[in-house]
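Below you will find the structure I want to go over with you.
The first chain written gets the first letter, and so on, giving A, B, C, D and E; residue counts start at 1 in each chain.
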């Protein structure tokens, strides 16, 4: 039962009927760390803070500031940061309640995004994985400042931090909206290796199912299909979310950054097509598995039928001449026994010819 | 037949062709109780009334009044309340005719909502439940007043009443539209534990179906799928209803409350995704169940074929030498019997090797 | 072949390429009767006419006139009425050509509706019914006058006529558009008892299919599914038609009547959901039926395999000691026979244990 | 292989990369005939021409002219006619390249339509037909002139020509757009008898599949489904095409003719519904066929199991007492033989009772 | 494993998190060749360049210039050309990153298109092909200049080059947008022979599956379905892309060229319909294959059942009279043996009659 409970989709929610906007830290949350990065095209400053007081001074010094929060243990820091940055309490609640689906919510001149990041590697189909574990990242964009909130410490945004280090780099010459794009793009592109890996695994599974020598079961196809479904449910909202960003031309995103976001949208469409292809493959695989099962059964039944059809008449004949009637003249002739053997051989050969004509026996068979 | 009649979807309707707006109390309705709650940010008053006369005075005293009606026995009270609050007769008819689907109907400056509440716990799949029993709540929102009409007395709105007790609470500082949101949100969130529980049950069923040692039947999958379908039909209209509330920007709902309703809309989308996931699981489960059935049949057939193929030729040989021909020289040699036994053993071993090469026998078999 | 011809969907059409607007009475049409009802809030007059001359005087006398035509034998009367009321020839052709699907066509300030009425009772699934027979009603609404054209005399509109008798009744205080609503609502609501009855029948069929003791066939599920499909095809266009009436805000329908029509639209959506539920049930039922068939086959195969596996080795042993070799020393020992019986018993018990371990035999079995 | 090539969908195209607007006559085209019909309400003139010179004079004489072209052998005449009537080269190319799908293309004040005509009779399912052969008709409408181009000479438009002969007929009192409607309507209505006939055939096939005494194969269902699919692909674009004509309110079609076209649109929707019904029937039929196959297998297996279960134990007993042990005291008692026969009868009756209790044998059985 | 890796959909991407706009040449790229074609209606000049310097002079000389780039080895030339022509870095990145899906992106007054070209011939179903290998072509249209970028040297655009050679040809009298159309049309039309060929192959496969004498396996249907799916994924985006070109009326394309593009759009719809037809055929084929498998099993089982049912009772009788009871009076009568043979014959004939009545044996049978 414990196993089943772990698969519940909504296990960490505030009690029903409680006031909205309540921030309840999950029991097993990691320590909260807040990393501040301020930069202009020419300079960059980076620091780690433990309360929200340093933020105002930092924002004053730098044209663009990135507040990168990891871990939910100290919910009061997150709350304080949210208040200072003017995040709506409901959005902040969304940010720390996990199991949100990717979405975008305009909030006046600001933008709030929920994205989910790919795991480091694809789950193993052959170990029975049926769902994919993603982490939630909340992205809050306002002029000159980007706030990102993640549950776990991870190396996810390291490439972005690295690109920020280069003086005069493209990313440094643009505003917080381009930084938001860079973060989103990194998250979306993180799914490519997962799908590559899963595609490899699905092809191995496919080879396994189609191999007539192995006895794969429908269960592994079922499990793999659930895994692909789980991946699809994660990727599916990206297209909608990124398309809404494109279409709504929200003021928080400049025309120039929008061109780049269109690229990210293209990537999300490619991801979705790859997942849909996997899903189609799984559906076809189940069908072909059933077809192969039924073909194997046919083979087995043919062997049984051939054997029975061959030996039942012969056995009957032997039974007849094993009877103990006194008056069975054939028994006492010299040629009776060899003649019967000849008859039996004829019947057997006739049967085999008939089977061969029906295609039940092939030369290559035995 | 009585059983079947209980599953009729439309069993309590007025006669066809009767004038609309007729209020017919169902035969087994519970006594009607009317609870009035009036509040401002600083004070709250609560009372129970038996006729509609007290309402006007109450509304004059308080900026926001909640009229919470339970039970349909005294239809005249409901009718009188409806008239005093200016509810359109057709809407009042909808409110007391059960089996409405969730919907929203704007009525000038007012809003009429039908919602359905989750049962306290999920039905038991293993007890053969095929549908989910929901209660209907009609919500009628007008400036300064909220009317809710339910068939059964229940603890459903107790959390809202509790939140109302706190002086200066967020809910007390807002209008009737926020109260309508609080009620709707409570109703929608009530489905989360039901889906959690159902997910647990489905996973137990899944483990059961995939376990090769148990002999689960397709019937329980069918029943569970019907249960999930029933749940889906209940939740499905919520998204549409809440989306219409969002989109139409009806005057009865302030911008501020609309932000909260968007949250409820998100929840309804999450519920729908969880139910769709359950449905996909059930469909896949039926397929894998059929695949396992066919695999088991294959196993059974292989045993039969191995046994028959092994013993039929041997039995035939024994039959031949059980014949009573006078002229069977082999019978009378000293080595005849042991030689035949040797031939039989050779045939048996040959057969087993052939089966092993085809993969029908494995080392691990038993 | 005659049977098949009766199921042709388009068997009563004018010849292809003939000019449109041709009124061809079907061969087996019932006599035409025309009933005129004129009413105001205070008075009502009712008469039956045989030609169209009386109509003008009647319309002059009463604010609202209902021309209720049944039967197609005297096509000239229908044509004359149509001309006097200014019905477009094509619409009149639609009205008398049966097998139209429900639709609404605005015609300037007028409205033309085709609806189809439910049969008095649901067809019997257990008698192999595969389609539902509906009657067509054409409704032509213009200011102050409603024309309805039906093929058959029926009690369908009797409740409306009854409600019209009451002086000062709601229906009498409104225009022809409310009368059109009353007629349409009566037609739509007529499907509720049919679906109730069909739901009962489907549940009986379901119980039958799921009962392991009965041998239901897939054919009855197929037939029932066709019946449900047929019902769905009839109800499906109602939603679209009534929604178009709502959305297009045609001048012929007042705001007040539109509120009532929304109610009818709700009913059509409820009907459609109930039919879709039936359809899903039928699809699931076919799957579970196939699953049960395959389970039954498994049971049968297991019995066969157990019996064969038990008796084939034993029979072989008996055969061996039935051979007539001279030199079979076992045959002549005193303990040979009982020892062989003991060996046979051991083999049998071993086999049974092996079956039990594989789960093929259960304590509760035979 | 030759057979397969005939089913290629695109076998008569100009070489890839060739300039568009090239008119290549197919090799097996029929001789080109051009029929001119000019008419007003009072008079009509009809002639056959061999080059395009006569056209201009004819158009000057008559308010409406119909140029009806059949056969593609003399492509230069078609080209000359097209040039005189100002048809865009690409549209002319479409007109003579067969295998176009129905579509409408506005060309300034003119309209270009491709329609496909039904064959004279439905293909025979029982002869293995898998697709429907339609002819292409290009319709080019401009003020005062209608050009129709068909590949084959056929009686298709004869009813329209007949209606044109009547002085003062409705069709004569209207413009070229009404003539275009008459032509289109004739083409669309030509599918009704085909679907009627196909429906008959499908019902015969259905009766055949459901009859337990016949051994229909899934192949004929597959073939029939392909035929229905082929018909659906032909009819499907009509709805879209005719709806576009309705919606776009192109100037070439008067309001009055548009009302008639709506009727044709209704017909195309009815056709589509009838085809969809056939398609659903075919899908259900395949399922029920599989269900019946599996039921028949169950019957066969039961017979085998009953026989084996009955005779294997009895045969074993007979085998035991056929053994040649010296020390088998039962053999030498007087009652041994009848006692064994009694035991055998008891076993047989017990088995049969057990089968009967499991429902494997019924009173009505053989 | 190596095999599986080759099927990864996204194997040549820049590292995740790297700055966008990075041009990384694939390892196995072919040498870069750049072909310049400049033309007016009267003259044409053609040359091959190795750096981008010659481009400016060329563009000055000719009203329309086509820059046709093949091969990715010298990425710096492509980059230089892109810069000179003002291509956005992201678009240039798209052009050289393979595995893009067809799309159109407006870039101010310019248009960027990705198309994928058909392979020279359809992959062989009977060699187990499961996907189609397409080449990517990037098309960049700006006033007076067309840039095309392809990975591989191929004869793909040779027909266009040939048409350009003709002085005063239609293509020469139009702008770069018509050239872009010619290129796109050539690419789209290249799929026609592939689908023709695949249709032939599918029909051969179909004949194979439906032939009762061959033992086709579900695996080849599965493989072919994957191949068709792969083709569909390639063709699918064309419709959308070409429709967007039509709808958006981008300034880079003149009205005249748009008419031609509509023709290309029609072709893409035809392609899609042909592929969808193939897909439906494959789905139906799998079903009918399963139906045939089950039918074959039925045949096999019937043979087994007939043989067993025939010989088991006879064998039992023979066994009874093979028993060694002393007191079996029948054994010692003169008529015992022939009488038993007669009884056996009667039983056998009765059985055969029963089988014949059940339809298990037919006159035409073996």
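What we mean here is this: contacts are C-beta pairs under 8 Å (C-beta built on N, C-alpha and C of every residue); 3 or more make two chains touch, one makes a residue touch a chain.
Treat the numbers as computed from the prediction; the structure is a model and nothing was measured.
*Asks:* What are the mutual neighbours of chain A and chain E in this structure?
*Replies:* Looking at chain E and chain A together, no chain touches each of them.
*Asks:* Determine the centre-to-centre distance between chain A and chain C, using the mean Cα coordinates as centres, and give it in whole Å.
*Replies:* One centre to the other, that is 41 Å.
*Asks:* Report, in whole Å, the distance between the mean C-alpha point of chain A and the mean C-alpha point of chain B.
*Replies:* Spacing between the chain centres: roughly 26 Å.
*Asks:* Return the residues of chain C touching two or more other chains; collapse runs of consecutive numbers into ranges.
*Replies:* 290, 294, 297, 301, 304, 308, 312, 315, 319, 322-324, 328
*Asks:* Could you classify the connectivity of these chains, where an edge means two chains touch, as line, ring, star, complete or other?
*Replies:* Shape of the chain contacts: a ring, since each chain touches exactly two and the loop closes.
*Asks:* With chain A as the start and chain B right after it, run through the chains round the ring.
*Replies:* Starting from chain A with chain B next, the chains run A, B, C, D, E.
*Asks:* Where on chain D does chain E make contact in their complex?
*Replies:* Counting only chain D, the residues touching chain E are 1, 3-5, 7-11, 13, 15-21, 88, 90, 94, 99-101, 103, 105, 213, 215, 217-219, 221-222, 225-226, 229, 233, 286, 289-290, 293-294, 296-297, 300-301, 303-304, 307-308, 310-312, 314-315, 318-319, 321-324, 328, 330-334, 336-337, 340, 366.
*Asks:* Quick one: in the complex, what on chain A touches chain E?
*Replies:* 158-160, 162-163, 169-171, 185-186, 189-190, 192-193, 195-196, 199-200, 203-204, 207, 210, 259-260, 262-263, 266, 269-270, 273-274, 277, 280-281, 284-285, 287-288, 290-292, 294-295, 297-298, 301-302, 304-305, 308-309, 312-313, 315-316, 319-320, 322-328, 354, 357-360
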